[in-house]
Structures are given as structure tokens and as C-alpha cells.
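Shared between the two complexes below is chain A, which pairs with chain B and chain C, respectively.
Now for the complex of A and B:
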């Protein structure tokens, strides 16, 4: 294998595929990326078995070939070279990287240790990249990062009428978004995609306008502008979220989203420790935010709002509240509550396709 | 820092479980007695004289001591006795630091002019425990916690030993290195290899030499202790940092299902205590001891603290399943479950109710029934018909 390429293009390519490379894997083959040159098409593949990222770029090819190279080291070397053209070539068990007066020879990794990547045999579906990126930003944050509950580390993709529904929950809050006009799955069908893969997908979505999605039985792949991300699907049953979203709430608070966010960020200063709740006191005059840390102090702020319902005080983890409000669409939001212990619902006024369900903190 | 007077008491009940049994069963008095039949949980001094030790297998103990009388443990009786003794501690001084169910540090500085010298306080404490609870307690008195604990160990059973400040090193230096806090079998071996057998010999070395033998942290620690430098104060009201329970198991093969049932009971009990203390916890730890006496622990930390039995059970079972092959091959002889990272339950993030069985309502209903009718009044259907296990309460949890 031998080719020439611009340094910056190569840096990005190695970096993108390298994000799937596991840093903790015991398998030496997985600490490398697989590189392959066919004509002028140079392809880099990184994988940790759960997640695979493949990126293809155009280079000036001289001779075809395939090898597995140390991911981190190769990326660090290319990044450190002076700008301009870089030449990569392999001979026997060595990769040579040269640019200007720099010349590196590094040992290849045995290529038979690299996992076999197979294409998914499924009908491709085109999605709008920006729309999907927006939906991912609203939903992925609610997924759990706790590996002891693998189901909750996934984001549910399900057919809902003529929409694609995305749902994630870490068991304390739940985010749900419907993307209208996408018929990806048949009614009743659903898949669970690891949130880590969707987080990576979100990063590469910025590169393109359109994304091609293929859903297999055990895997799904997403292709944007020469980058393909393939992820294993999570097996198991997602919690029955439908039963959790109450269809009736006696209490409705309506408030400007930005005003509430600003006030919350201020009041949260008095709840610096994770776990210290912020209280929302609601009555006929509207709402007031309160945070108290024993031996430190108190913060209170009245936020202009309208409230219909019983006088109520509900406490929330301020981080969960902030994260939900930050990604909610629109200018005004409603906070729908039943009592101080039942799930509270945040919805955007004028937007029916997003909701954020949040469990209160019980204060005694 | 430490005071200039010997005002720290280390009070330690002698052969605690066995002494409670001898107190309640006159026919056991003066005779070698052991608590626990399969595994010895505690041995009376008469039994210890014959070589019977805690954690020994029952058959081995009977071979050493043919006249050994064994009784089933009565944990509730021990808890009650412990509660009475701690009541006497609390009457003695406001500065009580519990170490476990049967020992505590007491700081009596400042009481001198009011109620007498530390020695007279310790004497009165011992006679109150003897008269009111019917148990023997040994008390060591010294300027530091470390030395007070060494002193109570030296004067056992039923003893009192005051180490006056000017005689500290005189007392400490002839003792074997194992007396130093933190020196276990392995460290003692390393020291013995260098010809160091007494605390005095260790004290004679430069700190740098000890560091080169034992590493920086242990080296500095032992250097300080051998010169009786122990700045730890008696800390009262220190909220317990963990709650746990463990169960010794007879050394025989067990199926995973059987071990899971034992785990269920432990988790059920510990989470009940957690809620009872109005606490929540973030970390679950499983402890294993195997037939070859090797030990292992596995733990998991949640993002949010909880007191839910179902949540802890889920994670405890998956931690157990990870160890399935070892349990089968190496024979489990002890299973422990501990919840660490405790915090007050005054602000508890509620979880979405998508697992109906983890409903906080179920936990609180069970707790209410137990509060009214006792611990065994309600339990898990899975456990019906299981052989009742031996539970070892720890108060608070200590690493063992």
C-alpha cells in the first residue's frame, strides 16, 4: 500500500475512525485501526466490537493494500507533522509515514486479530441529518451511563404512527421525541440503540445533510458523507414507558423557558453538591425557586409564570431539570404535576413532539 | 492532637457472643463453649485455651476440644446486650466512637475534676457492665487510640490496663510487631525476615529504612505507631459509612440458586436497616470467602443513592453471577453484602415506577409490618423452606 494525502484530511479520518477504538480492550487487534487502499479510495476502520466507525476519503493512490496500524500512535504522528502532503506506505510488517524531513517507521499489528466487519443487509432509509441531530441532542442525554443496567444505556427507536419515536431514560427522567414523516420501522417494531453510538453519531452528523440508515436484526448502521457508523443493538425489553406518561395532570405551570433556565442556573449556586435539590414552590401567584444548603445558605427567586392548580412544592435534582429545559424546543414550557412525588412532565407550548418526564426528589 | 494525659479508653467485650451465651445458660459457664455449629463464630476463653478459634470449622474445633459445647447463635440477644453496653458508654462520656458491636473508644478528657481519674472511670465502667449487663469487658487506657487498643488486648480477659504517658514506649517496645495496627501476617513476615520481631526493633529503624522494606505509606505509618504517634481523635457521632451483613456458610458445594437465596436474605435485611436508619446508599459490595480461605470483593456504584431493596438486589445478583464459576469450583464459605457511600435520606431522587416490584410502597409496607411484629414476621416467598442462616451483624461495618 502506498499513497499521498493532505495532512489535515488524514488527521480527521484517523481521528474519526479512532473514536471507536477501545482503550481498555485486552485484544491487541482492537487497539489498531484497519486501513485499506483500493485505487484512490482510502478507508480507515476502527472497532471495539460493539461500535465500528469506517471512513473513506479520496487520496492519490499508488499501490493497493491493507493493514492494521496502531490507532493512537499513527494519529498522534500524523497530527504532529508539518502541514502539507503526507506519504503513507506499508512494506512487510512496517508502516512508513513521511512528510518533509520527517520519517517514521512503525510496526503493524497482526491483521488477523482485527474483527471482520460485514455489511448490513437491509433496505437503506434516508433521513434528514439536521433533524436527526436535533432529536438526538434532545433524547440521548436522558440515557443511563450505568452499565449494570444495559437496557437503560440504549435509546429506543420505535414506529409511532407515521413518525419515528426516540425514547431514553435513566430511570430518573425520560426524554421522548417524535420525528414526523419517517417510516423507518413497521408499526409495533422497535430497536434499542446504544446511546454511546448515538452520541458518536451526533458528532459526525454535523458533516452532512442527509444520513442513510440501515437496520439489521442485531446491528444498525448510519452513513453520512463517507463515514459509516455501525453499532450492535441492545437486546432486551425497554421499560414500558407509555404507562409512565400520565395523560392527566391537575396542576399546570406555564413559564418562559429562558427565564426559568436563567433563574435555575443562579439558584443552583446554592445547591452545589450533587443530590441537593432545588424546590419549585407553586401557588396562585406563580412560582418561586428555592435552594437551601445547610450551613451554607439559601437562594430564592420568583420567576414570572402562571399557575393553575393546588398549592404545591416539588423538589427536583437541578441538573436533571436544567438538562431537560436546555433541550426543550420553543419559548414557553409547561410543568405539569400531580403531587410532590409523582412524575412531573415538561412540555413545550406549541410543540407536541417532545416531552421530558422527571421524577421529583423526596424531601423529608 | 493527642492530650498529654492518658484519657482514651478502648473498651472491648470479652468473647462477646460466647459470654452472652454463658451468661444466659448457667450450664455453659466455666466450660468450653462455642457459638455456631458449622462454623465457629465465637469461642469462650475456656475453648480458646484448647485452640478453638473464630471462623474455624465446627468439626475441626471438636477434634481440638472434645468437650466443646456448641450453641446456635442468637443475634437478637447479642444486639440487645450490645445496646445496653453502649448505653453505659454513653452515660460515661459524650465522646464515644463505636468500632463494632462489641467495642468502642471513649474519650474521658475533661471529666477528671467532675468524676475522677480515667482509671477510676474505667473501673466504674467495668463494674457497671458486669452488674447491669452481666458481661466482662476489658478496658485499655492510654494517651492514643492505638495504644489504648493494644492495652485492652494485652489485659484481656476481664482486665484493666492503664498505660501512663511516661511508660508508653516501655510498654510498647517489647510487644511483637503484630501488635502494631495495620500489621497483618504478610507485613509481619516481611519484618521478621529482616530480623524485626518486636515493636522496639521497628522503632529503632529510620523511617527511610522502613519505607524501603514496606513501601512509603505502610513504612511511615509503622514508623509513627512504633513511636506511639497516633493523632486520631475519638470521633463521636461519626455517621456510619456503611451498613452490611454477612453469613458464614458450611463448607459444602452449593448451587447458584441456593447462594442467590442467601443473598436475597442479606440484601433484604441490610436494605431494611438502611431505611430504618433513614439513609440511602450508592455503593453495593459483595464479599466472598472461599473454602481455601481466599477472599474477594465485588462492588458497584450507582449514579443516584437509593434504599430500594429491588435495586440493590438486581445489582447484587449480577455481581454474584459474575462469580458463578468460582462459587461452584472453590466452595463459598462466607457471603457478605454491604452498602457504602451512605447519605441521609432527607433528599432522595425518586425513580420512575417502571418496575412495579421495586415500588417504594412495597419496601415501606414490609418495613411497617416488621416494625410492628418483628423481623421474621414477613419475608420473601423464595426463602420459605430454606435452612435458616447464621447472620453476623456488624455495627458499624468493619473491613475483615
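Now for the complex of A and C:
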């Protein structure tokens, strides 16, 4: 294999595929990326068995070939080279990287230690990349990062009428988004996609306008502008999220989202430790945010708002509240509550396709 | 244990000579023969001491302690304020991690927290290389050796691997599966466990104790 390519293009390509490379696997093959040159098409694949990222670029090819190279080392070397053209070539068990006066020779990884990557045999579906990226940003944040509850580390994709519904929950909050006009799954059909893969997909989506999705029985793949991300699907039953969303809330607070976010960020300064709640005091005059840290101090801020309901004080983890408000669409949001212990619902005024459900913190 | 509070001077003679001028101090005379002189500062360290074995001689106005290395510690008592003696008996030893023991106890009481259908065979199951925290049976009647730690690190996985190696030599138990349980398991330990086909599980200590977190959950 031998080709020439611009350094910056190669850095981005190795970096993108390298994001799927395992950093803590005991298998030597998984610390590498597979590189393949066919004509002028150079393809790099990284995988940790759960997530695989393949990216293809056009280069000036001289001779075809295929090898597995150390992912981190190769990326670091290319990144450190002077700007301009870089030449990569393999011979026997060595990869040679040269640019200007720099010349590196590094040992290849045995090819048979790299996992076999197969294409998903499923009908491709085209989605709007920007629309999906926006939905992922709103939902993925609510997925759990706790690997001991693997079901909760996934984002549910389900058919909902003529929409595609995305749902994620870490048991403390739940985010749900419907993307209208996408008939990806049959009614009643649903899949659970690892949130880590969708987080990586969100990065890639910035590069394209359209995304091609293939849903297999155990895997899903997403292709955007020469980059294909393939992920294993999570097996198991997602919690019955429909039963978690209350259909009746006697109390409704309506507030400007930006004003609430700004006030919350200020008040949160007095709740610096994870777990210190911020209270929302609601009455006929509107709302007041309060944060108290014993031995440190108190923060209070009145936020202009309208409230219909009984006087109520409800407390939340400020991080969860902030994250939900940050991704909610529109100018105004409503906070729908039942009492100080039952789930509260954040919805955007004028947007019915997104909701954020949040459990309060019990305070004395 | 004899505890004496006294105005004293202390003279050590041996590898060097040392003198503590007259002052009020605590003198501890332990049942194992050790003698230690403490001030009201210096944390846990005595000002001077003599370990056992030694010969203790009590005079009217002094304690003299000597050993076979020709060292001597002479504590001259000028005024005694308190002199009490208590038999403390055998000490149960330092419990380094009460949480770990309590986790074991809680999971032994409620083994279903380890997995559906899990039942306890025995707590502290003995092997020649040490006791396995819990020996259980899974829902398919398979034998599961459970190692419990407060913080799950690589050495805990190694320890469980040794137990599994040993237990699997017993035809009455084999095949024995492993389960590594901790409040928090380090990524390296998870990877090593998975590489050795050992299941790992993080448990919530407060939840096991029935203590409700202020942060409520939508579901459990």
C-alpha cells in the first residue's frame, strides 16, 4: 500500500475512526485501526466490537493494500508532522509515514487480530442529518452512563404513528422526542441503540445534510458523508416509559426559558456540590429559585413568570434541571407539577414533540 | 493496662543517652510488657518507650525498665496524680472495612440482589487459599462464587480468579462461575473481569440498607 494525502485530511480521518478504538481492551488488534487502499479510495476502520467507525477519503493512490496500524501512535505522528502532503506506505510488517524531512517506521499489528466487519443487510432509510442531530442532542443527555444497568445506557427508537420516537432515561429523568414524518420502524417495533454510539453519531452529523440508516436485527449503521458508524443494539426491555409520564398536572408554571436558565446558573453557584438541590418556590406571584448550602450561604432569585396552581415548593438536582432546559426548544417553557414528590414535566410552549420528565429531590 | 499520670523525669540509656526534664506526663504500662511515656502532644507517638521483652522493676519513686540489649529506661516519679489499672482482655482486632463486611452480610440476606433466582449456599465458603465471600446458586442451579469489595479494583478480580481456579478443581462444584461485586468498580477491573468471563455488578449500599436517597427515581 502506498499513497499521498494532505496531513489535515489524514488527521481528521484517523481521528474519526480512532474514536471507536478501544482504550482498555486486552485484545491487541483492537488498539489498531484497519487501513485499506483501493485505487484512490483510502478507508480507515476502528472498532471496539460494540462500536465500529469506518471513514473513506480520496487520496493519491499508488499501490493498493490493507493493514492494521497502531491507532493512537499513527494519529499522533501524523498530527505532529509539518502541514502539507504526507506519504504512507506499508512493506512487510512496517508502516512508513513520511513528510518533508520527517520519516517514521512503525510496526504493523497482525491483521488477523482485527475483527471482521460485515455490512448490515437491511433496507436503507434516508433521514435529515440536522433534524436527527437536534433530536439526539435533546435526548442522549438523559441516558445513563452506568454500565451496570445496560438497558438505561441506550436510547429507545420506536415507531409512534408517522413519527420516529427517541426516548432515554437514567431513572432520574427522561427525555422524549418525536421526529415527525419518519417511518423507520413498523408500528410496535422498537430498538435500543447505545447512547455512546449516538453521541459519536452526533459529532459526525455536523458534516452532512443527509444520513442513511440501516437497522439490522442486532446492529444498526448510520452513514454520513463517507463515514459509517455501526453499533451493536442493546438487547432487553426498556422501561415502560409511557406509564412514567403523568397525564394530569394541577400546577402550571410558565416562564421564559433563557431567563430561567440564567437565574438557575447564578443560583447554582450556591449549590456547587452534586446532590445539593435548588428549590423552586411557586405561588400566585410567580417563582423564586433558592439554593442553600449549610455553612456557606444562600442564593435567592425571583424569575418573572406566571403560575396557576397551589402554593408549592419543589426541589431538583440543578444539573438535571439545567440540562433539560438547555436543550428544550422555543422561548418559553412550562413546568408542570403535581406535588413536591411526583415527577415534574418540562415542555416547550408551542412544541408538542419534546418533553423532559424530572424527579424532584426530597427536601425537609 | 496500667495508666499513670505523674510529674516525672525520664532517662534513657542505651544506643545513646536521652533525658526528658521534669513535666507532667502519661505513662502507659501495657500487659504485654511495653512501657510508653506520652505528652499531651505528638499525636500517637510516645516521647520515649521500651518494647517487650524487658524487665520491669517498680521502686518507691521510680519505674526502671531494662532489656537484654543493655538498654534502660528510668522514669523517676516526683508526684503521682492518677494510677489506675484495667484488664482490657483480648482485642478483636482492627476492622479495616466495616462497609465491606456489611455489604457481604446484606447480600447474604438478600442474594436476589445479585441476580434473579440467586440463592445463598454459604457465606465465607472455605477454601485452602481463604474463604470465598459468598457461594451461591444461580437460577439455572449453577454455582456462583461471589467476591465482594467496597471498591472494585484489579486485585479483587485476581483474588476471585484464584478462588475460581481452586473451586473448579472440585468436581462436586465445577463449573463455578464468578461474580465480582462492589459499590464502585474501576474500568480496568471491569475489563479484566469481562476478559475472564467473570460477571461484575455495582451495588448501591444505601439502597441495600433501605436508606432512601433524597434524589428520587422515576423507577428502580
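Everything below uses one rule, namely that the second predicted complex is superposed on the first by the 364 of 364 C-alpha atoms of A that agree within 3 Å, B and C clash if a C-alpha of one lies under 4 Å from a C-alpha of the other, contacts with A are read in each partner's own complex, and residues count from 1 in each chain.
The rule we apply is simple: a residue touches a chain if its C-beta (ideal position, glycine included) is under 8 Å from a C-beta of that chain, and two chains touch if they have at least 3 such contacts.
Everything numeric in this text was worked out from a predicted model, so none of it was measured.
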Chain A as common anchor, with chain B and chain C clashing or fitting: clash
Partner chain in contact with A:304 - chain B first, chain C second, else both or neither: neither
Partner chain(s) touched by A:91 [first = chain B, second = chain C, both, neither]: neither
Chain B versus chain C as contact partner of A:180, first or second or both or neither: neither
Partner, of chain C and chain B, that touches more residues belonging to chain A: B
Which superposed partner A:144 touches (first chain B, second chain C, both, neither): first
Which of chain B and chain C A:217 touches, first, second, both or neither: neither
Which of chain B and chain C A:169 touches, first, second, both or neither: both
Contact residues of chain A, present in both the chain B and the chain C interface: 146, 148, 169, 171-174, 239, 244, 275, 277, 317, 341, 343, 357, 359-363
Parts of chain A lying in touch with chain C, wherever the complex brings them together: 24-26, 146-148, 169, 171-174, 239, 244, 275, 277, 317, 341, 343, 357, 359-363
Sites on chain C touched by chain A in the complex: 185, 187-188, 190-192, 195, 200-202, 212, 214-220
Chain B-touching residues of chain A, taken from the complex the two chains share: 144-146, 148-149, 169-174, 239-241, 243-244, 275-277, 315, 317, 341, 343, 357, 359-364
Of all residues in chain B, those that touch chain A in their complex: 278, 300, 302-305, 314-315, 318, 343, 345-355
